[in-house]
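Two complexes, one shared chain (chain A), two partners (chain B, chain C).
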Partner chain A sequence: MLRYLIRRLLWALVLFIAVTFVTYVIFFLVPANPARLAAGQSATPERVEEVKHFLGLDRPFYVQYGKFLKRLVLEGSLGQSFVTRRSVNEEILRAAPITASLVFGAMVLVLSIAIPLGIFSALRPRSLLDRAAMIYVLIGISLPSFWIGLVLSYVVGFKLGLTPIAGYCEVFSVPEAAICGGLWDWAYHMILPCLTLAIVVAGTYVRFVRAEVMDTLSMDYVRTARAKGAPEPTVIRSHVLRNAMLPVVTMVGMDIGLLLGGAIFIETVFGLNGLGGTAIESIGRFDLPVLQGVVIFGAIAIIAFSLVVDLLYAWIDPRIRLT
Partner chain B sequence: MSTTSQTTDELLGRGLGESDFAPDGQPAAGGEIRARGYWEQVWRRFKRDRVAIASMVFLVLLVIVVYPGAWVAEKIVGHGPNQIFPDALDDGFLPVGPWSHVENYETGKTDLLVLGADGSLGRDEFLRLLYGGRVSLQVALISTLLVMLIGVTMGAVAGYYRGWADTIVARLTEITMAFPALLFVIALASTAGSRLNGITFGGLLGEGVVTLVLVFTIFGWYYPARIIRAKVFSLREKEFIEAALMTGASDARIIRSHLLPHLVAPIIVYSTLIVAAYILSEAALSFLGVGIQLPTASWGNLLSDAPNFYTTVPLLMLWPGLAVVLTTLAFNLLGDGLRDAFDPRSRL
Partner chain C sequence: MSEPLLDVRDLRTEFSTDDGIVRAVDGVSFTIEPGQVLGIVGESGSGKSVTCLTVMGLNDAKFATSTGEVLFRGEDLLKAPGARLREIRGNEIAMIFQDPMTSLNPVHKIGRQLAEAVLLHEDVPRKQAYARALELLKAVGIPRAERRIDDYPHQFSGGMRQRVMIAMALINNPDLIIADEPTTALDVTTQAQILALLKRLQEDFGSAVIMITHDLGVVAETADEVIVMYAARIVERGHVRSIFNEPRHPYSWGLMGSLPRLDMNVERLYQIPGQPPSLLNPPAGCRFHPRCAYAMPICREQDPALAVTGTDPSHEEACHLDAETKARRAAELVSSLMTGAST
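Moving on, here comes the complex of A and B:
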């Protein structure tokens, strides 16, 4: 187990370096002139040169990347915004809880829809429930998430007036000027966005759970369990579901990491200024450090979650760590 | 069900129809008995799937409507998709509804806007929907082609040679997966996009198509690569590969003549399904304003304007939304149908 742990940790480190390197290249070499962007539209050429020196952009590329990495690792700092001069970390700390509320809330809904639905349709293939579930899957993978969001916020929020159309409320440390706050307001504002994301994501999960359960049902050990006379509920519970749910754990872990950076559309539709919203905003004003910070934060989330999932998996399933 | 017995026949490749049976086990007197080929069997199964056929017909019609159809519609109504109609706004400065007649200041005639105006600039929603369909299909189809080309090559090489080739592909996959793809695509499209957007291959592609195709390819190749790798990995153990190796066939020949035919089915099925995914992605990115840039129309950027009028002219949300939904639905249903036709066992 220790060897497996070390191997996974080292690989996570390699991934981290690869991702930050590529991100750095994309953000500081590809745009025409970051110094010009940072200095502003009306800056004189001398001023742009000054800014270039100040940002360290006149140094060789590898020196720049080295400094960037050193600051990131030793101080945990992602730099400063070109526009507001505030630290990128602050921006991300403000935005991350919003996205996290959305993603975790949606994941809870997804699992509570997809696991029972997937299991029942796998146990009774071609039944009415199974067909309904498959139609739902088809619709789930064919509809654009933002469109469902728009339609839901039009119907539920605007026409029926059941939920707010958009916006976010803090649970803790509510700012003075805020018009809403506390747990109730937070939940009231999050329900529709979470539901939208869940509807989209659950389709894939129903199909996945169904496929996994059907696959496990055809295994030899299930036949053995039945042959030795185990009652059907026991077979399903301890032989089928236990094994079938393992890959679902992996998928959830991977998807949470991915969605932390990928829930942009839902955030945009519902006016939630989370990580995605921050990224879009920073594109609009060419605020490269903030954009880069969000991308790197997203990458760290993915790497961290897949590491946790791998370790969890190895702990549950000894076959993984022994090979 | 009666289909079960038919399916078993086809599974075993017997390919005997009812008329092929003759009494007393004698060969049928009339015609010669001929085994059905693989493609013939696939086609027979596919033909029976009405949903898949309907989807295919829909998609063929769609291509006709957006390619020659958009051009014909433009000639009939007498204006282009990017022409601005200042009169196409009503008293409240809202875009006019479907079937409105509006004066065209360039020709002095009264033009028909079939689905009304698209937003505050008063362009023809109907024509933009047709031209937007071109762009959306271009992005989706070209991305799929490139993704499959790279993915299949990488997957086949990794699965066939194993060892270090497999390790490299696996590591590249893990690195690609570690990127928050969506954020990165958005960032890339907005930093590198301005340079790539202009590439249209002489007007053959819409503006901005190249950028989206590139970013989709960079973050999409690993999925087919993994599917193909797994398939090749197991095929390589089969006796016919061993036999081919024994007769001295080269690696290239084995991959080309012995492995590729087995990969055709997953390649076709998976391609159909990812076209749908890329149509959604194009719509989503253009919705955020980082995909296809105005004035070029695409289904995504038609949708991105819609929320501005969503309490007043909700129909603007409906048209491009329906176009996207019907197209992705058709591709997904076609993909499912093809999968069942290629491999009836998967229908369980």
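Moving on, here comes the complex of A and C:
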């Protein structure tokens, strides 16, 4: 177990370095002149040169990357925005909880819909509920997320007035100027975006859980359990579900990582200025450090999540431990 | 003679599939006495497994229907309610499956899987169930059983897993063990060990065994009575001696002729040509006639019934051939096997 852990951690480290490097190279190659942007529209060429020197943009690539990595690792700092001069860390610390609320909230909903539905469909194939679930899966997979988001916010938020249409509220450390705050307001504002994302994602999960459970039901060890005289509920609970849920854990982990960077449409529809919104904004302003910060943060989140998932997996699947 | 332990009468099991109805077991009858070993042999697809799964009530009820009678100590298991079947399964009738690599749950420890079998049938403390599990692991020859009981299946080799499966089958001291090709997935040396173990424990525990195999060699070593199945039916049955000394069905000749022979570098003397028929649409008349070297016109039209043609009244076969030809061919085959074995 310890060896597995160490190997897995080393691997995460390698990934981290690779990701930061690739990101840095890409941003280095972008044909923008950040010094010009940072210096402002009316700056003289000499002024731009000064700014360039000040930002270290005139140094060779490897020096810049080295400094960047040193700052990132030693100080945990992602640098400063070219545009606002604020630290990128602050920007991300503000945006990340919004996206995280969306993604984790949605994932909780997804699992609480998809696991029971998938299991039931698998146990009663071709039943009415199974057919209904499969129709839902088709709809969920084929409808675009922003469309579902717009429809929901129009119907539930605007017509029925049950939820806010847009916006976000902090749970902790609510800013003074904020018009809302606290757990209740947070949940009240997040329910619709989370539901939208959940509807989009749950279809795939229903199908996946159903397939996994059906697959597991035909396993020899399930027949062994029945041959021992185990009643069907015991067979399902003790022999089918744990095995069937193993791949689901992996999928959840990968998807959380992906969604942290990929829920941009839903953030936009519901006016949530999360990581996706921040990234889009910074692209518009050529604010490379912020964009870079979002990308690197996203990559770190994915690496961290796959690490957690792998450890979790090793814990629930005994076969992993020795390998 | 006392009441048989298991009395299967005219058992038929059909599966409805997308292609049509598969009659996987078609009129099979046999009995087994307490403590007896019954061998069921036949090629792949002849209905051996389905016969046994039907006895256990383990066919998928959605697709399978069975008729006939499965009398276990006089009680018809085909008509028994689910709760009663679960009482019997794993307790009075236990089963050992073909593939030990996949028959144990990968996420539970061996001890837990064994103890579960006890706890499902007896209201005993967990500790006692584990003690019983340990005792059985020792009985089936797992080295350092005290430690291995906390291992997971993937930490065991195939042969060791099959020992665990045997321990699981024996743990509630069943009256009948159904072993469905228990050694097919194992290498030759392990096969021999597992068979010897099964035979010894069967005698110790006094359980009756149904030994399913497609290997006549296994039957010769373990069984008292033999049933030869072909295409969902019994084509020959009798005492193991009688079957081996005087096989009387051309299909049995084929099986015997195809026994691997040490003196011929494991090359087979003879292979039955062709494939077993589809059970969706079996041939008319005798089902073996398309592959039979002795087929006569009548074989295409009339389905032979099991009948006694020799001197032993418990040895029956279903074949239209005349008794002399059968006796002559049997004698030739046996003597050729004998000389083959002695050279």
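What to note about this one:
FYI, the second predicted complex is superposed on the first by the 322 of 323 C-alpha atoms of A that agree within 3 Å, B and C clash if a C-alpha of one lies under 4 Å from a C-alpha of the other, contacts with A are read in each partner's own complex, and residues count from 1 in each chain.
The rule we apply is simple: a residue touches a chain if its C-beta (ideal position, glycine included) is under 8 Å from a C-beta of that chain, and two chains touch if they have at least 3 such contacts.
Source: prediction; values computed, not measured.
Touch counts on chain A: comparing chain C and chain B, the chain ahead is B. Once the two complexes are laid over each other on the shared chain, residue contacts for A:Phe270 go to neither chain B nor chain C. Of the two partner chains placed around the shared chain by superposition, neither chain B nor chain C is touched by A:Tyr205.
Residue contacts after overlaying the shared chain place A:Phe305 against neither chain B nor chain C.
Using the contact criterion defined above for the overlaid structures, shared-chain residue A:Ile283 touches chain B, although it does not reach chain C. In the superposed pair of complexes, A:Ile141 makes contact with chain B only, with no contact to chain C. In the superposition on chain A, A:Arg226 makes contact with chain C only, while chain B stays out of contact range.
Shared interface residues of chain A, touching chain B in one complex and chain C in the other, do not exist.
Every residue of chain A that touches chain B in the complex is listed here, in rising order: 11, 15, 18-19, 22-23, 26-27, 30-31, 125, 138-139, 141-147, 150-151, 154, 158, 214, 254, 258, 260-262, 264-265, 268-269, 275-276, 279-280, 283, 288, 291-292, 294-295, 298-299, 301-303, 306. Residues 174-175, 177-184, 186-188, 190-192, 276-277, 280, 283-284, 287-290, 303, 306-307, 310-311, 314, 317, 321, 324-325, 328-329, 332-333, 336, 348 of chain B are the ones that touch chain A when the two sit in their complex.
Per the touch definition, chain A reaches chain C in the complex via residues 219-221, 223-231, 234, 238-239, 242-243, 246, 316-319, 322. Put simply, chain C touches chain A in their complex at residues 56, 58, 86-91, 94-95, 97, 99, 102-109, 116-117, 120-121, 152, 154-155, 165, 168.
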